[in-house]
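Below are structures written as structure tokens.
Each of the two complexes below includes chain A, the first together with chain B, the second together with chain C.
And now, the complex of A and B:
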């Protein structure tokens, strides 16, 4: 880690500490924001779970706490001082930034064994990537609101960092942890296997085919996930209740608290007889991109991971700003393809529009009573649309970049798709 | 038919009933009494109490067969059912009659001890009981489902006599319907359970128009087994109707049923106010004790005595009036006065005229006006309790209960019970109990908490507290409001959702059994509402965004890139343009010749 990256991290830590200290009511204010805290990540619900757990009640035998049991075990070992909690969240962000620096240093985003971008030189240096994550207002707000998505993001970034360093086993172990914490990272397993395989030295690749490599990593993943499940079983006193109360909630959406995603209002308004059908459709919709992206972007598995995170930040059951912050930070590794994107102005302005109007419309609906639920719903639609356009535009830019590597003479010319 | 005089017919018809009433006295089957108590502010508490004893198998019992069959079918050993409206103003009216046992929370409250081998069997029997009672009392008791049922741990103890073996098999279930509008359709079946069906005796005073016009009213049914020392057990049903009537309002109905403001000359104004005189008036209340009579308050006098009611002994009487000593009281004939204390005057209705002929005379009590007003000494309740919602907005809120011990020397211990619906999600870690503004660890003795499960069960919170003399305890906690599916909202979704009253059971310091109970008022909780007209629009718009994502991403993934100038064929427009250009060039080349036909 160079001196600049170090400075960036120090500055980010100081900024976060200052935010925590200078505005003592800010953490609780942000914790109560629906954009930042969802029923499956909220810090207030975590506190309730901890309270019940330390008083000998099962937090999973209730409708409030839907987070993983290991978080309970982890937070009970912490002293109950709020500053310690702030430091844990800041540390988590620092680890995320460190992983991003490792990923950026490895250069996988610009050159893989099958593809080297012709725009390699315009990629951002590691410290800039870390800064793009650490000083992103979405990341800062997420850190201060203290949802547990912060830990999931850290573990996902660690998994990617291990993946680009060719430590496949470590990568899938971290991914198993991320999936254990919030289920949807399980979708990242195939691109993670490809990423780890691509970074293997050529000698090892000869010894071990992709099929057997994938089989090994998948079984490691399965065993790790099962191990975490068993550990949780032990933590919760020999009960499988937590499965229904954590992953069941991700899958079946019993809690319809508003968030930035598309699910909540859809399932408030859904006719009862079609509820199960549409739950299946929405869950499958998330998985449907996996095969297509892995095949078409086989040369750049890191970008597949980035895109999948972007898609799940729109379409998962309880998305929050923290998911989008993770996607944006990974996208900053692809600075070199930004010139190829067509709708950057549209996306930026739409994201800003939704960011500013979202809290205002939520206030109109919930507090002022002068608007109704459609106001906030409309803003979540705009937000989702903006991220969707960003994701597809980034795919377009990366594919064009690949194509231009094959045909350098077409650089800067108008193209069409057939 | 005109040969027989009316009193004679009544006499003939009632002759067998007199025999029955004689037999009834032997078995102590049925008794009824009415207590009228004057409350400050020209209010009258009227408390009717009817006690019937009987067994399941007897065909001649006064215990209603319809209810007995329900209890037998659902294996219910003890039952308490309350229909209540209004708020008991403890600050003004003091402690409730019958130690608060007969008063329920706003709406309908039902709790029962059901005999069952396990919880699921108890639940099934509880459902049977609710459905049957729902039909019997024309109330929505069938809506007491698992989300509205709790199993209190500390608040209730069985009042009847149960053998120890049976006690182990009894399950206590408790359900509330705070939204239920209690009305005449509940009173009619209630009166039908009485042996005299509201036709004679004190129950003839009960009229829906007057009962539901009261400031506070509660109808209650308590059924429990009662055993004598020789081991003979029978079922006892205690039915009570308590109401607080505003004398001024009730007497106003004498002239017209439509309430009208009194003319200005009849108003008693506070002359001490600076704006007094002329057309301004600050009304004074409680200056004089207004005159009232039973027939004016209830719209009719007591129509004779119920022949089945036990002939009252020295202790047991039919009607008691608890008023200040100075107040005069006039009663109609056909009764006998027994003064129990200067403030408690009781009457036995024997329905006999001057010649000792049973005529079933109407009985009326008249109290003349008295100025200045008199008050009887009221004892304060063991605890003053009030509960309110805090916070604003439809996202989250808090509950604050204020519990005050008025006693100057004794500590009071009680259980505070909350039964919350599942869509109110309390955070127990935010629960704070403060005495005079500071935390005191000795106040909370015990907490029992059962969190809610979405759409399956509600929250149950029982807190045992000890409040030192003269202290006020504040109990606070925060909660989140859930957003419901649009089909789960009632038709008037923006009115809000009723939250059942909290139940405060005062415990006896030695036996730890509940000796007195108090209910707070119910609360109205407003939840965020979706737009109910939007289902199709939301499905269409959300699906559009998803289709856009799917379409644009797969469109980019599956198609190849080519340079714009390398396109062969292309789209329809470019094809047409190509044809036109080809056509024009062809013409030019032909140099004005006839176009070729191909």
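And now, the complex of A and C:
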């Protein structure tokens, strides 16, 4: 880590501490924002679960707490001082930034064994990538609102950092932890295997084919996940209740608290007889992109991971701003393709509009009473539209970049797919 | 692709300022058309349960003598104890309520804003509904002194007389709270904050006695002992939020239909229901809404989603307290019928006569068009900046990559160059422009803090110093900016682009919360769209622009407001600081952190047209 990265991290820590200290009411204000805290990540619900847990009751009684049991075990070992909690969240962000620095240093985003971008030189240095994550207002707000998505993001980034360093087992272990915390990272397993395999030295690749490598990593993943499950079983006093209350909630959407995603409104309006069907459709929709992206973008598995994270930040059951922040921070690794993107201005202004109008409409709906749920839902649609356009535009740019690298003579020419 | 390609053609880019101008023109014309019969609608009662004016009212007869005796008491008390919030008033009025057999509560409060202390004591009594379960309540309120500082002798006496009278009825299904606040500004706020446990003890005391969720509030303001000519209905809430239109309609219908009292809005003492008067009513309403201050004791209730109005007796006429009492009685009978919280009718509307209004769907486009004009200009500048960059790079040689793209771009003439420009967009130097715009926006917190925290004695001098600084600030900032970094035309174009983008965004978000404020600021800021960020050849043009801008500063607007109200500047600033501290009014946040930065940036752009060329 160079001096600049270090400065960026120190500045980010100071900024976050200052926000926590200078505005004592800010953390609680942000914790109550539906854009930042979802039923499966909310810090307030975590406290409820902790209270029940420390009083010897099942944390999942009452149907408020939907987070992994290990978080309970972790937070009970912490002193109850709020400053310690702040520091834990800040540390988590620092670790995320550190992983991002490692990923950026490895240069996997510009050059893989199968593809080296011709625009390599315009990629951002590691410190800039870290800064893009640490000083992103969405990341800062997420850190201060203290949802547990912060930990998931850290673990996902750690997994990727291990993956780009060729430590497949470590990457998959971290990914198992991420999936344990919030389920959907399980979708990242195939591209993660590809990523780890690609970075293996050629000698090792000869020893071990992709198939067997994948088999090993998948079994490691399964064992790790099973181990975490067993550990949780122990923590919650020998009960499997946590499965239904955590992953069941991700999958079946019993809590319809508004969030920035597309599910809650849809399932409020849904007739009960269609609920199961559409739950399946919505869940499948998330998985549908996996195979296609892995095949088409085989040369750049890191970009597959990035894109999948972007897609799940739109379409997963309880998305929040924290998911989008993670996607944006990974996208900053692809600075070199930005010139190829066509809708950056549109996306930026739409995201900004949605950021302003979302809270305004939520206020009209919940506090002023002069609006209704449609106001807020309309804005979450706009938000999702912007992220969707960003994701597809980034895919376009990466494909165009690959194509231009193959055929340098076609640079800057219009192409039409027939 | 084709659209973007054609957007990039110069012809359309040249048209964009025209489109912006058209947006502003249509936006303003739209607003001016609203008072016409074709665009506004007659008001109607949406909530069927209200049944306004369908009941007989019985207030009168011996109640009038009771009323008069209370008025004597109030007048005497007002002379002796003055209205400084001493406990005498609360004790005396509390004693009267107690004598009716009502439960009485008192609340002391003290606010400190801009060095001034606002203290007093509220007193209230709860009439428990014979047919209800204390889950809902209505409030009948009178301030001891009204907003003009006059003793509200008949108003308070009427509340007392009505408390005695309404208690005899067995038909109430909602509790009725009779509230006498010691003033019109801080008292109601202290009371309603405490009612919802959102007060700040110990400065504001907690309420000893509460009832259910408040469904409606009627404030009576009748400061004379003479007869009155007409009823003035005040309805603006804090931050421009309005009560449900049904409440106003019910009041108008009962007053004019059942009691034959003329009703008026927005201090339009004569109204012929023609275009001019409608427009004036509407504009006055918009100014009140835009300023976002409390227009009466009812205003404090509205942010809590409680629909509230003030009934003010106006002029000398033959209506007396019995008519007003009956109006209130009938109004409460209607409110008593409510099955659920007011929700049927509009929350966003502009009233232009007591029975004429436009709803949000009709008027919102005017503010949105003005906000959109900024966004269009920003998009135009963004597209243009791509070309500017190309032009500049050509002159300077630029770095390898871009000029390489440039060659390709200019290369084979047959290849559609616009499409090529799409694929290899030029990199714009965003960071400096973005940092500058963000920094200026943060600069807005300085005046915000200053004017909310200074002592009221220093307001006038502070304002004049600030106004003077404000005149030279853009030029100074521009000098610093050009000295510290070497901005090009492109930088200025991008600064303008971001600034307009932000302004358009803030204003369109604001238009959904406070239409009038968004519209007024939009109109004031509209010349910013047309400032040309490229260096002017003639310094006279720059000077003309600067003069125009100086006439449109937030400080000028403040002077304008002072003139409009006929009050000294310090009073306005005091009111603003008070509103910030007590009412939670955020008009000044919008002024200092949205409008002022946009203005400063516009000034820097104009000043930049002299600086860069040199």
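Rule of thumb we're sticking to: the second predicted complex is superposed on the first by the 418 of 418 C-alpha atoms of A that agree within 3 Å, B and C clash if a C-alpha of one lies under 4 Å from a C-alpha of the other, contacts with A are read in each partner's own complex, and residues count from 1 in each chain.
Going forward, a residue touches a chain if its C-beta (ideal position, glycine included) is under 8 Å from a C-beta of that chain, and two chains touch if they have at least 3 such contacts.
Keep in mind it's a predicted model, so treat the numbers as computed, not measured.
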Touching partner for A:357 - first (chain B), second (chain C), both, neither: second
Touching partner for A:192 - first (chain B), second (chain C), both, neither: neither
Touched partner set for A:339, first chain B, second chain C, both or neither: second
Partner chain in contact with A:85 - chain B first, chain C second, else both or neither: neither
Which partner, chain B or chain C, touches more chain A residues: B
Which superposed partner A:414 touches (first chain B, second chain C, both, neither): both
Which of chain B and chain C A:302 touches, first, second, both or neither: neither
Touching partner for A:160 - first (chain B), second (chain C), both, neither: neither
Chain B versus chain C as contact partner of A:140, first or second or both or neither: neither
Partner chain in contact with A:395 - chain B first, chain C second, else both or neither: first
Intersection of the chain A residues that touch chain B with those that touch chain C: 367, 369, 400, 413-414
Residue ranges of chain A touching chain C (in the complex, touch as defined): 121-122, 339-340, 342, 345, 349, 352-353, 356-357, 360-361, 363-364, 367-371, 375, 400, 411-414
In the complex with chain A, residue positions of chain C that touch it: 1, 4, 241, 303, 305, 341, 343, 347-348, 375, 378-379, 382, 401, 405, 408-409, 415-416, 419-420, 422-427, 501-502, 505-506, 508-510, 512-513
Residue numbers on chain B that touch chain A, as the complex places them: 392-396, 422, 425, 427-429, 449, 451-455, 480, 482-487, 528-531, 534-535, 538-539, 541-542, 545-546, 548-550, 552-565, 567, 570
In the complex with chain B, residue positions of chain A that touch it: 32, 34, 44, 47-48, 50-52, 57, 61-64, 254-258, 262, 264-272, 285, 288-289, 292-293, 296, 311, 314-315, 365-367, 369, 372-374, 377, 381, 384-385, 388-389, 391-392, 395-396, 399-400, 403, 410, 413-418
